[in-house]
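Both complexes shown next keep subunit A, but they swap its partner, so subunit B is in the first and subunit C is in the second.
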Partner chain A sequence: MLTRNTSDVIVVGAGVVGAACAYYAARAGLTVTVLDRGPVAGGTTGAGEGNLLVSDKEPGPELELALLSLELWRELADGLPDRIEYEPKGGLVIASDQAGLAALRDFATRQGGAGVTAHEIPADRLHDLEPHLTSGLAGGFHYPQDAQVMPALAAAHLLRSGGGRIRPHLGEEVTEVITGASGEVRGVRTVNGEFHAPYVVNAAGTWGGELARRAGVELPVLPRRGFVLVTEPLPRVVRHKVYAADYIADVASGSAALQTSPVVEGTPAGPVLIGASRERVGFDRTLSTEALRRLAAGATALFPVLAGVRVMRTYAGFRPYLPDHLPAIGPDPRVPGLLHACGHEGAGIGLAPATGLLIARWLIHGQLPMNTEPFRPERFDPVP
Partner chain B sequence: MPSSASDLYDVAIVGAGSAGLSGAVTAAELGLSVALLDTSAQVGGQFYRHPEPALGAVRPEALHHDWSAFRSLHRRLESVESSGVTRLAGHHVWAVTRDDADNADAWTVHAVTGADGDGERPVRVRARALLLATGAYERQLPFPGWTLPGVVGAGGAQAMLKSGLVLPGRRVVVAGSGPLLLAVASSLAHAGARVPAVVEASGYLGYARHMRTLAANPHKLAEAAVHGAALLRHGVRVRTRSAVTAVHGRDRVEAVTVSRLDRDWRPVAGTGRRVECDALAVGFGLAPQIELATALGCATRPAKDGTSALALDALQRTSVPGVWAAGETGGVGGAQLAIAEGELAAISIAARLSGRPAATAGGHVRSLRRRRDRMRAFADVMAAAHRPGPGWTRWLDDDTDVCRCEEVTAGRIREAVTDLGARDARTVKLLTRAGMGWCQGRMCGAAVACLAATGGDVPPSAERRPLAVPVTLAALASLAEPNTTPEPTGSDSTDGG
Partner chain C sequence: MARTPAELVGARPEPPFEITFDDRTITALPGQSVAAALWGAGILAWRTTRGTGRPRGAFCGIGQCYDCLATINGTPNRRACLVPARPGDAVTTQEGNGHAELSV
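Showing the complex of A and B:
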């Protein structure tokens, strides 16, 4: 039966990851229904900063995904409207002392083997790249591949660019994944009705665990809170994405405690973004003055000129993370027809296109084009 | 009274307008220690604005019909100031947080000082209870030409008159909706301006349906009658069911077009009439200023005028234990209501802190509550009568700037809704930058929310905005350092006394 509510695949979640899955599936010729209980980019995507980074990633499966994604973002930037604010501005990672610089050098060398470009910048040349950077630093590394996109606009434009094959339904909360006699996916039930398709993609971000449960499986996605500071608009005082070396340690850390080593960057519209803290406190939006203090202190330590600049607002978002800090991407063997594309933690904007491409390839060809073993959704099941 | 900032006050009151002032004197008279913080250098808030002493105004009360209530509050403040109230003027409160250190029942109020909030160091004030009396700001709806010099807020024009005695122009059209318009027009006329027209978007019929509530508020009727009479005397015409739908002029206002509206506020084609003027004072009522409260998680309610107000119980308590609110934060209702609510809140706080809930059961509290309820009921009638009709968006051209800070047009916002999947003000903001600029959506928030709502009723947006005022990075960065002791503001005898 082919009705308004029937399509080849249903994507749950209109964040950047869901939008990318829908985009690549539609481009491959499939009809896609996108369901979200809220507006487009109303989840974590609307709180993300849009850094597309390879500089912070260790060689390994996530870096591979990030490198593919960066290439895809470049392609997308050519096809989508300018307004997604794609900017290949490059990243600058700073070391304050010689030991830090040595660690960075070692990190960059290992990344080099995996396809990441990084140039060492001696202390006396840092100011050529960033004139307002504080003095007395030991040096740094320039990562020309790091880029930037405006996440909410990117999600919105991806959803619009599916050649008429993407049907977004907003305000539809998925309450249940409908399965057939042998447990295979038939569609979903929402608060307003039913949608039918043989495939359902879980792109529910931080709420992906909940959606998985509604399909009868476990996926331990948890929130990791982050605050971002947004300043008043300024002429361009920060040109790259600038952060201190300890950021990398924070990103990789599994600790619940508050961690803050801010990434400082200017935006085309003028405000400087300073983000983001990392802390595991559940879905608590209460303002943490300690998080704000550390972000502000970190940013002004890197750029003393920012001291007198006013913060206009701050907001919190909840990164979707899995215990091993890798996303869940691909089919779920426990429920035929169910796929997952969630749990990207602090890199979901960056990793969205590669994730979408992988999901679309699997839908079309029944196989994944690269080694996605580390992203298997069922990897957290207790070993029988 | 706490002498150093790390000490604990019984209550911190944010806002020294009618509500906060009344709350402060009542609380102090009940024996509580009070920290009273306000952005402004003077007490009195929006209503009891008065000329800077330096301007040498002879009779500030000439601009107020309720000056005696303020005089009495001010006298009471002076007599408790040495004992119970620490006045912290010029303190911009940017956030309130719950203390999680030793005392889970305490609040820290974070403020910055300096005229622009750029004072060197942040100030923290700790208290066992919190009373939010931050008032309201003027609601604006855009129309073609509203960014031209000479277009000012109606409330702003009133405030300018009260505090600086300056007129926005010589021929001033007053437009928008709400009871404030008549007061503004009569003040302008009184101060010597010509007011060619008062243009009110709603009909006054809304009031007539609630004669019982009106009859129970004779004071309000008297107030309206005073303004009405004053306007007649000055030959001012009030045009109801009409709106300014365009402003003309090259470098500043030269004239406006006034059009008739249908009951949904849709302009009726062919009814536009040109009115010459050199200024336009416009406002569509007030919207509660509740960021500090919503950032704490206080529940809101949709008010009858389409704004979002704090949800409060019979004793002025918010949904967050330990946090009270009074005045316009609970819904716009005027200075007298604010005074009653401030008093009620203070009594409720005192009862709670002393562990004697019975203190709120006496005859005085009962009559205070009755008065409050009566005035709230009247405020609701007024609010409903001036709720913007959904048709107002029809007077927007696609190229009318809706967000003036970021120069986002109505067309861009409509596109975000129809093509990009925005359904609420927050998403429109993300996709267009509307509301991301200097005013952080105070000017355009109401309009954006209306445009974002896809038909039907407009859901008021109570978006959380954790910083109530901008704060420098240096101030944030120094938060861990020992606190700066707040410097209380002494009572200055020239001040309203």
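Showing the complex of A and C:
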């Protein structure tokens, strides 16, 4: 039955990952319905800093995805409006002591074999890159491939750039995935009605586990809370994405307790964004003064100039993480026609285009263009 | 003849005092916000925008819109509509984000 609610594919989630899936599917000629219970970028995308990073990633499947994504972001930045604020500004990772610097050197060497460019910056040259950086640091590594984008605008413009083949329906919460006689996907039911398509892409981010349950499968996506401090608008006082070496360990950690490590970066609009905290407290949005205090202390230790600058606001977001810190990307063999594109933790903005491209390739060709074995959505099922 | 709000409510404020706006000296009343004192002196704009340098002054007047930002006693980005005027305050036109000296 052909109705106005029928399309080639339904993407659930209007964050940056869902937008990228819709964009690449539309570019390949498919008609795409995008459903979200909230607005565009209303979840984790809207709470992110827009990091497109390779500097924090170990060699492995996530880094491969990040490198592909960086290339795709560069292409997208050429075609999308300047308002997405794409900035290939590079990252600077700082070590406070010689042991930390040695660890960074080892990390960068291993990344070098996987296609990441990193230059060691001795202590006496750090100020050439970042004049406001504190003194007495041991040194750092410059990662010229790291970039940044304004995530909410990027998601919105990706959705707009589908050549008329993307139909967003906002304020539509999916209550059920509709399946046919042999369990195959036929569409979804929302609070307002039904949408039909032979494929449903779960791009619900931190809420991807809940959507998976509504499709009858388990996907253990859990929230990892983070706060961001936003300063008053400033001229360019921080040129790169600057962060302390501890950040890499925090990202990879499985701990539930509050972890903070300073991550500081400017934005084209003026405010400096200060992160990063990580804690597993469910979907609790309660303001944590302890987290904010540690973020501010960490940032002013790296950039003393920020002590004289006012913070305008703060916000919290929930990174969608899976137990092995890798996303779920690809078809779900348990429900034919169901695909997942979620669980990217703190790297979703960076990994969105590659994820979208992979999903679109599978929809068109029935296969994935790279080894996506580590991202299999059913990998957490107990082995029978 | 125009009546002032102070007359309309029968206000009997304490004696006025002086503040400065750039090179001018203006008079403020106790309890007035900086924005009210500037308006009282006929000054409607005390900031330029970050992008295109357009003039800005008070818009909402209740602390919500952040249009009335001014540099007060050397500190930029103060909301003039919320900051009470104090004797001797030095209000200066804020250009852009008011932090040009930090630029690298």
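Observations on the model:
Throughout what follows, the second predicted complex is superposed on the first by the 384 of 384 C-alpha atoms of A that agree within 3 Å, B and C clash if a C-alpha of one lies under 4 Å from a C-alpha of the other, contacts with A are read in each partner's own complex, and residues count from 1 in each chain.
Here is the rule we use: contacts are C-beta pairs under 8 Å (C-beta built on N, C-alpha and C of every residue); 3 or more make two chains touch, one makes a residue touch a chain.
As the structure is a computational prediction, the values presented were derived from the model and not from experiment.
When both complexes are superposed on subunit A, subunit B and subunit C clash.
Residue contacts after overlaying the shared chain place A:G171 against subunit B, while subunit C stays out of touching range.
By the document's definition of touching, both partners, subunit B and subunit C, reach A:R310.
In the superposition on chain A, A:P88 contacts neither subunit B nor subunit C. Of the two partner chains placed by superposition, A:P336 touches none, neither subunit B nor subunit C. Of the two partner chains placed by superposition, only subunit C is touched by A:L234; subunit B is not.
In the superposition on chain A, A:H132 makes contact with subunit C only, while subunit B stays out of contact range. By the touch criterion defined above, A:P198 reaches neither subunit B nor subunit C. Of the two partner chains placed by superposition, only subunit B is touched by A:R285; subunit C is not.
Of the two partners subunit B and subunit C, it is B that touches the larger number of subunit A residues. After superposition on chain A, the subunit B segment that clashes with subunit C is 437-445; the remaining candidates among 5-13, 77-85, 437-445 or 473-481 show no clashing C-alpha atoms. Annotation: subunit A residues 232-233, 309-310 touch subunit B in one complex and subunit C in the other.
Residue ranges of subunit C in contact with subunit A, taken from their complex: 50, 76-77, 96-97, 99-100, 102-104.
The part of subunit A that touches subunit C in the complex is made up of residues 130-132, 232-237, 239, 270, 305, 309-310.
Across the interface of their complex, subunit A is touched by residues 95, 97-98, 108, 110, 117-118, 295-297, 406, 416, 419-424, 426-427, 430-431, 433, 436-438, 440, 464-467, 470-474, 476-480 of subunit B.
Chain contact summary for the complex, subunit A toward subunit B: residues 14, 38-42, 46, 152-153, 156-157, 159-160, 168, 170-171, 229, 231-233, 269, 271, 274, 285-287, 289-290, 292-293, 295-297, 299-300, 306-316.
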